[in-house]
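Here you go, one structure.
Should a chain be cited, it is by its letter among A, B, C and D, assigned in written order, with residues numbered from 1 in that chain.
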């Protein structure tokens, strides 16, 4: 009987395929977003002064709900330890811990960011089947691009460091380029086309170098885009390419293939030619 | 007789295929753009002070023309209620209402934005056949990308919230990061490479984190571009690829093809040439 | 004899295939760039004060050289009037006229920009065969994208006008949003991720709307990129697709085609199947 | 015996395939990054004041290590002169020279940037086999795009110069557009969407022109992205597409294929599995 209840709880909390499981996920998502909103608004001095007690009450309501949910997760899962030390288990714990700690410690500034990590729990929504495929295609394309993007980033960072150092020597402290790290920061702000304008070249030579960096940045933004486009196109194509060999169950055969490239079995019968 | 007039009006106002229908659309488009320009320029203090009465007169001219057009639309359409409550019917009404309301209510500030919505009426121009296909290809590609872009946006927003909170703790109110919502606003301004510079990190740690966010933002802008490129390529290919030979069922004929490239069968009948 | 000289001059000046023609083009390109540099540097107050007479002398040297070249072009071309009223003929005339006009008129400020138009003459370098193909592929892809990009721009401009008007009402004159045109200018600066920061939202509601615009701008930058990528890929593919029908000389047959899609002629002989 | 040692040193220093060679490369990479970090931090006035002697000591430690490495490279390579005058040989020398020169010359400001060039030595890491392929694909795609990107850049620079000159005349010195070169610098900052905001248009006409430039910049960023995407797709496809079946000469086999998908012939010999 208790075992049945345990399994029922498990289905609701951990699975998203049943209607009650999906409803639970949606309610949880709303609670997480509200809780993050609560933390955010609490940080605004004017609102905090006016509604301090309301924020405190709301925080404790969220904490108690999440604590109950956390305990139910430990209770219902067949392997509690594995859950506790999993990524989501740690995130779940971290999202309730700060409120309890704030009873003991006074400087809550540092605990705030931990409470924001609750947002990571929302990543569970990707379990909803509609998104899981899209997420996988994206992740696969990004993973396949990693080596190329690392090579690209290596080259970009080398350029950034050298340009930053050059600007430090050309512009000097009086234009705001007070050290090489600050100049490298400026080079990143410029090459990524963010362009705050808190530091900007003033000398003609500095402006010429900056212009070259900008045009270069304009051009090289094309490279990661090209990489990801190509990988996405490929991973989409492969996802669609689900022709399976009936002999060895190898997938990914080209539409024009007659034989399995893995075992040599004829996958297009001769009468179909 | 009156019925014939009604039909004539319907053809001119609602359809874009006949010469008079197309001319009507173009005149209407020009009127809409002039009217939006009128509203815009009226909001400039210096111009408004000098030409207040001119703006008022022009506004009433546009309002009367659009009112007549609105009444003719209701009169000529076979199903008036359906038009009135359609998207364009509501936009049409909203674009004339503010002027009449301003006779009754004094605070016209709020009515201004409603008058700007007239611009939405210009969307009717997409009925012009030259653009309808292009619009459909774009819309189709964007719709097919929606799920992937939502997954991507979810990940981006999570990063933005966490980075914003971190910056609030690292930089603090004295650098302009006065609350978590403001810091999240900064994170959005930075990650999207807009970079106003109204808020910018000052501490070394904050600048290092900002640099990482910028380089990340530089990389992840590649993802939506890749998604849209792949979907556009696919939707273009599918749009082009569906012409089939009635003799051998070969697909993928060019629009300008007269003969099947596979069996030589004439696929464009001679009387259509 | 004089006719031979005329033809020789024509070959050198108008054609780029012969060694002397290419050398002439390169010398001309250098002269154009130096002349534009001269105009640019002349506009710098400090340099102008120090080297005024040098700039004047250089300007007249360039003007005389370009005048001689212009007259030789008119002399050597078989159809002088056609050259004079062609795009390059007008540009050539405009690039020498300002110097002569400045002898008559005093306000040279306005003539300056005309002298900069000399740069357009450098477009002749694209006659160099190495670039002509690349330029054609790019131009073709951009032309094919025009209709799609117009639809996209129409939608973007509608969004910009409505967002700008909303911001004018939300933020108001005290934040710098002094009129609808200024607010539309801000919307363009933000949506295109330029982000000067001369005008930036101050109210929470304005910052929320701005954040949504930025994220949207981040997403929609993907659309023109996708459009151009797809068109470029297609125009490259078609450029490579030069299979010609021996019967009707139609180009662009698919590699797998057996019959010409234009005349139905068998282009792949049966024994090759 | 000495020859064996020489060969051993050569393998460790110049090659990355052996375990000791790879370890050497990794240690060297860490040393290079630490050394660059040392130069960067030394430039920060506050840190330099506090830890001046530490920075000096660290600098000499790195210099001595790199000097020993440089001498070992000359000693162990079979063709010392070729190494010394190769790109990496010169970079290696430049990265140790400044420290020795600083004993003789007082103004070390200028030597700083040379020391930063040490970072270029890190490019050796691309010898690691994992990255060499990715780097080649990227380089190949970029090389194939060069002609197209040059044509594109030529057009962009022409637009930038003309727009810059126009803005100089429209806005004039009182808005910060003090000369044509400064206005061209503004045009680059705007077209590349960097947007510092140190110079921004103030007059309505200037803002309209700036808006047009921004929307144009938004559109043309699509062009290099499209170019690189298409070239990357092609160079990837070609890289993947060259495996041929020795029996039926069918191309396009996947790298993991054991059998030809067209004729079923074993294309990966069994002993290689």
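Keep this in mind: a contact is a pair of C-beta atoms (placed from the backbone, for glycine too) under 8 Å apart; a residue touches a chain by one contact, two chains touch by 3 or more.
These numbers were taken from a predicted model, which means no experiment stands behind them.
Chain pairs B-C and B-D differ in how many C-beta pairs are in contact, and the one with more is B-C. For the pair chain B and chain C, the distance between mean C-alpha positions equals 27 Å.
Measuring from the averaged C-alpha position of chain B to that of chain D gives a distance of 40 Å. Residues of chain C found to touch two or more other chains are 181-182, 184, 193-197, 221, 225-227, 229, 233. Chain contacts here are complete: no pair of chains fails to touch.
Interface residues of chain C, counted against chain D in their complex, comprise 36, 39-41, 43-45, 109-110, 112-113, 116-117, 119-120, 122-123, 125-126, 130-131, 134-135, 137-138, 141-142, 149, 153, 156, 181-182, 184-185, 188-189, 191-198, 221, 224-229, 231-233, 236. Of all residues in chain B, only 147-148, 150-152, 154, 158, 161-162, 165-166, 168-169, 173, 178-182, 184, 190, 193-197, 200, 204, 207, 210-211, 214-215, 217-219, 221-223, 225-227, 229-230, 233-234 touch chain A in the complex they form. The residues of chain A lying in touch with chain C in their complex are 193-197, 225, 229.
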